[in-house]
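Consider the two complexes below, in which chain A is the common component and chain B and chain C are the respective partners.
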Partner chain A sequence: MTGLGYAVDAVAVWLSGSPAPGWIAVTVAVLLVWVAPLLAIIFPVAALGQIVERKVAAAIQRRHGPNSASLEGPLRFGFRVLLCFLPRATQDRAFQRFLKLPVVRSLLPILQKLGIGQLAADGIKMLGKEDIVPRGADGAVFRLAPYLALTGAFLPFCVVPFAHHLVMLEVSVGALYVIAVSGVTVLALLMAGWGSGNKFSMLGGMRAVAQLVSYEIPVGLAVAGVVLWSGTMDLHAIVAQQYRPGVFTFVGWNLVQSPFLAMLAGVFFLAGLAECQRTPFDMAEAESELVSGFNTEYSGLRWGMFALAEYTEMLLIGALFATLFLGGYQSPIGEQWIVGLHPLLATLLHLGIFAVKFLASLFLMVWIRWTLPRYRVDQVMRLCWLTLVPICLVAVFGLAVQLVLAGGTEAGTAYGRLAALPRPALGVLGHLLGWAVPVLLLGVLVRIARRRHGGMHPALRQLTGGGS
Partner chain B sequence: MILSWLNDVTEGLQSFFTGMRTTGKFLVENLRDEGGAKAVTRQYPLHAAEVVGERQRGHLHNKADICIVCHACDTACPVDCFKMDGERDGNNKMRASRFDIDLSKCIYCGLCVRACPTDSLSMTADFQMDPRLDGERYLFRRNSSQLDVHLDAADVGRLQQLSRLPREQLSPADREWLDARIDVRGQHLIGMYGLGYFTPEEKAQADAEREAKKKAKDAAAAAAKAKAAAEAKTKAEAPSAGGPG
Partner chain C sequence: MIEQLLFLVCAGAAMAGAVGAAVVRNLFHAALLLGLCLLGTAGLYLFLQQSYLACLQVVVYLGGVLVLVLFATLFSADVRGAVQRTPVWLRAVGGLGALLAAGIAVQLARAVVAHGKNLLPSRRDPENTPDAIGGADAIGDLLVGSWLVPFLLAGFLLTVALVAAVATVRRFRRPLEASRG
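Right, the complex of A and B next:
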């Protein structure tokens, strides 16, 4: 066994037919099991994220969004390429046949309305654009930055469990690895800002670094809380620990395990939003102040890489959120039957469930983006240091108190092929009290705070239609 | 201090959820209604443009019978859109015998309208340039401005019919008739849009000029080529002549 993860081992053994596969088999297995899913899942989904974004934005703003770009052109091109060994007339005839298929005929307009064609159009446009490097730019740094941004966005996916049998790497310090590797993005943004040789880009890059470094802290604390609770840093083990046998699997999810974990979940999501530089935290781009921030000078494919990196990071935050707080790829009900199915079937089901979970958070991020205006740069920092970090500290402290009160651990449940992990011995009563006491306390505190410090600002009250 | 902080956080959360509810409502409403009847955007060529602003600055329109050919609009226009001629009528009043507005140059700034002393020049709400979409109104305005190519109702019908067909399907006579009224792109009326000539004669002249230019260019290129070839030949011969000897 090579220790590169269950799936890699299995494929390598299968390829070489011996229990001790050679390095060629291992390399091929890594390509098959790690790289192929990365490219096959993340890339298209991240690209699709742009369509989701545009469509949701359009709906919120009472527009139509992209709905006119036809898929016929790209398809025809595909036919030409695929059938390039045939004469032109035959190609065209085959294409006409293809268009007349009932499935195609009914599906094409729908896809066009959903704006899928726009994806092809945008991609081709981006490919065709000139790759401009400004004269004042620091060439190598400028050229390298987009690759680094994409690397920082893609690498963390290595340890994200997509399905019970589809984990690229089961590292014992998975959570730490994710936080460490995604830090590469900071460097990429700084390089882009510096290398562009442009004041606005420089400012954007600086802001990005300040913001990312600050927001690593709430993210780190939120992850630390989960790690405290689970007693492990291995992401797959964290998922396995949230497993409960029985119909209602979701009672084991970290989100409902403890109110402090729920608080951390909220903070993690917000800080994650800031980590991927999305509105309301897009200080680095801030087109009304900084033209386009760090990617002002980029064009064509390099610009596309930054865009793709942004969407990949959104996916990453969604995937991590699901993994840490929503039971990963587990189904909310009846997980024990799914994990008992044939591995292939279980993997497909898990992938579907996971996709729903992280697409939901993608949608939420888009929704937030088109709801909230951008924060001012000092407000972003204040939100981080004076609100999110204290909340995190309180939550982690509360979590620790809860664990101490639980007085030790009990044996967990073995999950699929994973061994049982100990978990906090709270019992039903402990769980109920664990929810009731903090919620009541918080409720009373908020009451007092509202009474003492008056209601809302009058303008806000008018906007929200009353409120306390 | 902690209490005021808590108050701030609660307020922040509250307004956040209010905002999310508002946009969420829009989202659901807009997604639910098929065809986007709630959507503000109109899919223009597919759906007629219904909502046009009150002060829309569309095509210019000149009531030629009260225009006094004072050239005030011409002077005011920053891009020289106007070409006009006038003559005295029976009452010794100046009237336009020709009044062309090159809409391919016009930037719809409306300065000419403000300059006009008789209020004969105005901007309409109409903005369509394609006779296939809106031929009648478009051509009518052109007619009323006393242009060189006059089109009556029958002509308008014919034009609309012909411009709908692909060029290859037209008979030579039809094609010629259409060419006299439509620019090379097969879409727009001469003089109103496109290449900037106003009458068939001017179009012919411009064509001839372009042809002459092209011929001259070709000739120059051919001459240069011949010269280069000759030079190469002499060069190739020179070393062989003064070579090993």
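Right, the complex of A and C next:
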């Protein structure tokens, strides 16, 4: 065993054909298990996020969105590169023959309608743009920042379980690792802001850092709540802990396990939205006041890296939300039958389910972006400190009380090849308290809001045209 | 083979960062190099099987302390270090510090040379492997075991600080809204 995780071990043993693989096999296994998924799956999926964004935006605004950029140009370019050892005429003949293939002929227009051609064209355009470093910039810091941003966005994926045992790195402190590694983004934004040698960038960078540092508290508290509930920091074990045998598997999901966890889920999603600087929290790149914030001075590929980092972080928030609160890659109904299937089939099914879950949250984020206006910078901070942090504190406290009242743990059911995890055994009192307290809290909140705003929030009243 | 190479990278990053942070004149660069040093140290913790400690190092020092330091450097009038010269007495203090650090390094080296063989993984006492000493489980047991009172006090202090932060913001809320009209 290499100590590098189940997946690396399995691939290395399979490659070398011996139970004790040599270092060459281990290296190849590391490349296959860790590096390849990053480059071959997360990179293109994050790029596809941009297309999802533009298409959903177009649908909301009753437009078609990108649908005219042809894929022929990029494909021809690809052929030229791949067949560069052949004469030009042969390349063209091969390309024409490729275009006449029935699959290609039927598929190309669909892909073009979906806007994939736009994606390819944008990518090539970005590669070709001049890489400008302003004269007043701090060269090294300016150049390094995009790489750091991308690193901070990609590394957390190492511990996210995509399917049963399909996780790059099985570490016992997965939840903490995610929070630690994604904190690197703060440094990247500060470096970009300061390194640009531009007041707008500096202001944008400062805003971004203030926002990220503040919103790390609700995110951390929400994750801490889940860790408290599950009794483990291993994301894989957290997923396994949400398994229940039976037809309706979703009753085991953390979201419906306790109302306090549901509160934390809401806070996690909102704070996650703020962590990836999306509307309504995109104060850092408020183009109406700060040009483009910390990435004002960036052009070409370096700008592309920041954009890619943003979409990767959106995917990460979606994946973490699914893992922590929505049972990870498990199916909502009839998970026990999927576990019983052939491992390969089960893995594929789990991958599909996981993709649906995090695409749904991606869609939700895009929907929010194109529906809501942006918060002012002080409102962003106020929402964090005056609303989200108190909610988190109350929810974590309530969760702890509920766990104490539960008075113990019961042995869970073994999930697939994962051993059974103990989980809280709530008595009648625990359940009663768990549901009564939040309902009471909600009542008090509504009461306060009514007294303050006379029945309806002023904004809502204005929107609905009067009435109480 | 790979492990040794990675160890050299981490140790090199830690040392280069430490030296750079002390030598470089540009304050912002010095702070970033300090970050490199902290990151290298986190990597070294991983080689001791202390993933929990490494993660905490990154959360607390890179995500918290370093950001604070960077903010503080930006308040300096002379971030790029182009104008001001270091006073002589400060240089003397720095030299004294360097001497002290060299002494500690020599002592450490002597200790490693004298007892180094017992530190090798093959000679380790299985009861006292680092994982049993400093894993998340072991630290948790210690915190709610023999260190329960300090742990609770620290937790209480942090919660008070968090609630106080919220209360401080709340106090300014009314006048702000009033001034907005």
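Couple of notes before you dig in:
What we mean here is this: the second predicted complex is superposed on the first by the 427 of 468 C-alpha atoms of A that agree within 3 Å, B and C clash if a C-alpha of one lies under 4 Å from a C-alpha of the other, contacts with A are read in each partner's own complex, and residues count from 1 in each chain.
Keep this in mind: a contact is a pair of C-beta atoms (placed from the backbone, for glycine too) under 8 Å apart; a residue touches a chain by one contact, two chains touch by 3 or more.
Model, not experiment: these values are computed from the prediction.
Of the two partner chains, chain C is the only one that A:S172 touches; chain B does not reach it. By the touch criterion defined above, A:T371 lies against chain B but remains apart from chain C after alignment on the C-alpha atoms of chain A. Shared-chain residue A:A36: touches no atom of chain B or chain C.
Looking at the shared chain after the overlay, A:A180 reaches chain C, while chain B stays out of its contact range. By the document's definition of touching, of the two partners only chain C reaches A:I217; chain B does not. Contacts of A:D138 after superposition: chain C is touched, whereas chain B is not reached. Shared contact residues on chain A (touching chain B in one structure, chain C in the other): 386, 390. Looking at the complex, you find that chain B touches chain A at residues 3-7, 9-12, 14-16, 18-20, 22-24, 26-27, 30-31, 36, 38-41, 43.
Only residues 23, 26-27, 138, 140-141, 171-173, 176-177, 179-181, 183-184, 186-187, 190-191, 194, 209, 213, 216-217, 233, 378, 381-382, 385-386, 389-390, 393 of chain A touch chain C when the two sit together in their complex.
Those residues of chain C whose C-beta lies close enough to touch chain A in the complex are 1-2, 26, 28-29, 32, 35, 51-52, 55-56, 58-59, 62-63, 66-67, 70-71, 74, 135-136, 159, 162-163, 165-166, 169-170, 173, 176. The touching residues of chain A, counted against chain B in their complex, run 56, 58-64, 67-68, 367-368, 370-372, 386-387, 390-391, 445-446, 448-450, 452-454, 456-457, 460, 463-465, 467.
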